[in-house]
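Following are the structures in question.
Next, two complexes with subunit A in common: one pairs it with subunit B, the other with subunit C.
So, the complex of A and B:
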């Protein structure tokens, strides 16, 4: 029992990342009908938003501190970040400490802007072209974005820690009444899961309960009729692309403390997210989310020692294996709608 | 000749001449001159040109003719490589059995993968092939380590059985050969400032590539190739006429898998080591890039694309800041620095950026790749000529 709960928990954080990226991918596919291979790059750019903000926050100037001396006996020179000057020492330090959560605010406008520019500047011209062309051009775009990031930030992973308050882990098992020290879970991962749940909830609520969302859903169902009603559906879809980019970006921002961002993290996630989308069913938002969590949890179950003893190497291939089985037995994926990309 | 019509035969002849003369053509600049770093006529790179050319030709038979975009072709290349290295370890260092077995093993493997993947089409087919390739890659890295060598990979060792070869002389290392002709041996010819290298391995690979190219022309022109094109243009209509497309697509898939295996076997013949990283999905992406860049669905396109990408990978990536400063040294200092900092991101380590940009431009503006670009330029010149000859240029027949 404990082991099962532990594996489910372990699967949650990866599953959350898969679900968020797959949600964005599905939003883009459902609205614009575009297969976006650059979505992993958006995830990566989101992560680098966090890196950028924490660099901006730690911009500093050198001050001579007379009270301390360095090893030569001269007065010690200390780098003081500007934020400490402006907000005082404790507040400034707290701001720097909370750089990653603060990056959420920074990343949302940046990612929406990137998404809108991408859609208007490039993707727009590919609606009428075959899916293969869309895959290829976004694949090229992903390479370009990735190389630009590599040029500016280097090829090495950049550690971006979580706020001190969320470092370490807590005893989740004891809370549920199990013996202590059996189910230990890092704080940040549970936060990541909660954050993902909030974002997913927000996207669904936005689509379900706002007029804008209603129009978008109508457009997803029948684009032409909505246009005939005199609604400029293209503009709304462009914004949805921005939102999808923001969802991927936020997934990236919050993932930085779990895995130090490097320039190819997007590609690593992209391949898996595509598998997730296909398993969930192209164009189905709940399918993408469900498949994301499902595959994340399956992956962590497959890496249990008991399982590996029977089927060695299963943890490496479980996702692909599930994808192959689902694709061959359920052509629409788990929750795909009838008639959407069944071929 | 050879069952080809005049135009195709001319193309084959042209490719043959280019391939045979490659050590000269790729070495246009004298040794030691400032431009010598653009020389691509060294054996290692020339071998890569032809091997990746084979890989891309095979990929093109699948993607170019049937329109099925496989994102997992590197798996067949990897499987072929492993088969070849095992032949070298167990049987003989002669490359012939290694190459044959690599083609056969890759063919069997692609038959299995294709039989399953081809049940779906479009994006699902891409994802399925990708999933199979990633699975093979992960397994080669983890569970199959006894067969694949895992992270260290495989190379021939002195202690391997090699039942057909005699025991090695003391201190000798096993080298790939063709009936005694070592793949690594080359003949150097120095004329004036030029140094031309004729490598045995390159010519073996080149001959194989010419045969592969010839077969691909035959496939393109055959009724079978026609059927594959029909699959691409409208599979539904094909089904309505009562034809089952699956045997044709599966045959195309297996053929292109065998080409990939051939490329993998040759790779081992040239450089006797194998690692799992050549099965990673980016390697599959690379062959997609090659085909698109050169011109998908054309005969010569994939070879051109493979050459262009491998040239960039090996030549562009070698240029560093000092060399750039030398180039722009004639400029005033300030402008020199600006120019260098403008160009620098696109070369050296950043060559992937250039590749990505060129690739995007090709997909956006030139869906037919370099071949279409060449045709457009040719048409531009053709159109001018009749206008000069006669007063009425508009009556020229359509090309």
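So, the complex of A and C:
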């Protein structure tokens, strides 16, 4: 029982990341009809927004400490961040400590801008081209983006920890009446799940309850009719691309304390996220979210020692196995709509 | 009128004799022109540095390349001479190798066996490299070593820690200075026993590939021999990035030690996840829960950040060593590049120097002569104390460092502290235990 609860918790935070990336992917597919293989790269750039802000906050001047020596035996040069000079040591240290949550504010405008530039600068030229062309150009773009990040930040993972207040783990087991230390879960992963829930809720509310969202939904259903009504649907779709980029970016920002970001992290999520979109149903927003959590939880269960003892290697194929089963039984995915990708 | 009596056997015989007649002069000419593959004939000699320049180990590869460039500079008489000043052998004079200026070409292994073989082949066939060296993975090392054996050039392995490189996959043309999984296990076990006691329950997470298996086996064997119990050993996919589903059940298993047989990105992520779960704050079986990382790399420790604090592991070399060789290397490297070298840089620099020295002592670039000069070679002054290049498996035997993540680092390079220098006698094993055959040296051509 404890193991099951534990793996459900595990699956929820993994599913949160899948759901957030898949939500953006399916949003772009539903609005612009583009299969965006650069979406994983947007997740990675979001993570590097956190790295960048953390570096900005730790911009330092050098002070020579004569009491210590460096590796060559010279007096040690100690970096003192400017924020500590400006706001005092305690406040300065607290600002640096909270770099990841602060990065949310930094990442939103940056990611929207990157999304809009990407759509206007490159992707709009491929709307009328076959999906294969779109996949090739966006995949190429993803490689270019990750090589740019590698050039400036290196290939090694860069530690970007959560604020000290959120380090450690919460004992769910003790709360539920089990033995202590049996069902523990890190605070930051709980926050990640809650954050994902808020973002997903906000995107749905935006599309459901605002005039802008209503027009976008109408455009997704029948683009030509909306244009005939004199509405510039292209501009709205461009903004939706920016919003999708921001959703992926925020997923990346909040993911940095879970795994140290590196230039390749987007590719690690990309293929899985596409499977999530296909399983959820192409163009279906609720389907993407549901499939994200479903596959996240199943992946966690497949990694259990007891399962692996019976079916070794299941952890490596579970997602694809489930995708095959769902597509065989429901060819349009869990919540796929008729007519999407079926021309 | 003559009658031609053509038979199948007759044609074959005539063809074979004619073929041998035509081929014979070519064979003799070839032998006289080049006795071995890529015999240097001009005033320079080309070495091939095959390191990961792209992919997840690109930073480690960049450090290896820096070390090789420094070695070439020193071999050609530039800089401060580095380890040539402390090396026990005095064959190198700073005038290249056997008077020939050292030049180099580089290849990108991408940490993929097929790409590494392709780049090594290109350096041998197109650029005329007489020796191939470098790499940051055992899979790559084993693949390139086999290629060098076929091609008839010497392979001086870079960072490769699997027992197999000089065990079941050893080759007569291949040599490794870096230590291996067995040595890590043998060096770590007594330190773990001293610090954590002999009544411990260990849970292994193991990267699902060759290096992971040999490391798990080495650590299990060594720790079980001193009384530890292994409660579980779980294989994790090499492509795994989030290890939460593997770490969450650890406490339920009753284990009080987690051994992470991971390297590179796997190690950074699994260790980060384990610390996030607060494992190290827990009390299990009335003991503090502990984590062990058998193979440490400073570059990886940097990726894991503060999570490495207090965690034991082993390493081939560390820049804080205070012997004359280490100090000389750190000074040369640090002055040129502005930061201390990694263990990958050290082993690559030393391998380049050992190759050059062996050529000088052998008086020939012939791989078989070089191999003979390296086999059983005892040396000192290269940063690891007295060292033996064992003839039976071409593995270097030297002291092994047990390190611990530093509690209060003074810089981004000051992440590990040396806990113990395990003497070579404690990590030496019989050459036959891992199987494999060296075979005979191949000069190629």
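As a convention for this text, the second predicted complex is superposed on the first by the 325 of 343 C-alpha atoms of A that agree within 3 Å, B and C clash if a C-alpha of one lies under 4 Å from a C-alpha of the other, contacts with A are read in each partner's own complex, and residues count from 1 in each chain.
Following the convention adopted for this analysis, a residue touches a chain if its C-beta (ideal position, glycine included) is under 8 Å from a C-beta of that chain, and two chains touch if they have at least 3 such contacts.
Treat the numbers as computed from the prediction; the structure is a model and nothing was measured.
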More subunit A residues in contact - subunit B or subunit C: C
Touching partner for A:316 - first (subunit B), second (subunit C), both, neither: both
Which of subunit B and subunit C A:282 touches, first, second, both or neither: first
Subunit B versus subunit C as contact partner of A:85, first or second or both or neither: neither
First (subunit B), second (subunit C), both or neither touched by A:267: first
Touching partner for A:258 - first (subunit B), second (subunit C), both, neither: second
Contacts of A:222 with subunit B and subunit C, given as first, second, both or neither: neither
Set of subunit A residues, in rising order, touched by both subunit B and subunit C: 150, 312, 316
Complex contact set, residues of subunit A against subunit C: 2-3, 6-7, 9-11, 13-14, 68, 70-72, 76, 78, 150, 154-159, 161, 167-169, 181-182, 184-186, 188-189, 257-260, 262, 264-265, 268, 299-300, 303-305, 308, 312, 315-316
Partner subunit A, residues of subunit C touching it in the complex: 54-59, 232, 234-235, 237, 239, 241-242, 244-246, 248-249, 251-253, 265, 268-269, 272-273, 276-278, 281-284, 299-300, 302-307, 319-320, 330-331, 334-335, 339-340, 410-411, 413-414
Interfacial residue positions of subunit A with respect to subunit B in the complex: 35, 122, 125, 131-133, 135-137, 139-144, 146-148, 150-151, 267, 271, 274-275, 278, 282, 312-313, 316-317, 320-321, 323-324, 327-328, 331, 341, 343
Complex contacts: residues of subunit B adjacent to subunit A: 67, 69, 116, 119-124, 126-128, 130-132, 134-135, 138-139, 141-144, 281-282, 285, 288, 292, 345, 350, 352-353, 355-357, 359-360, 363-364, 367
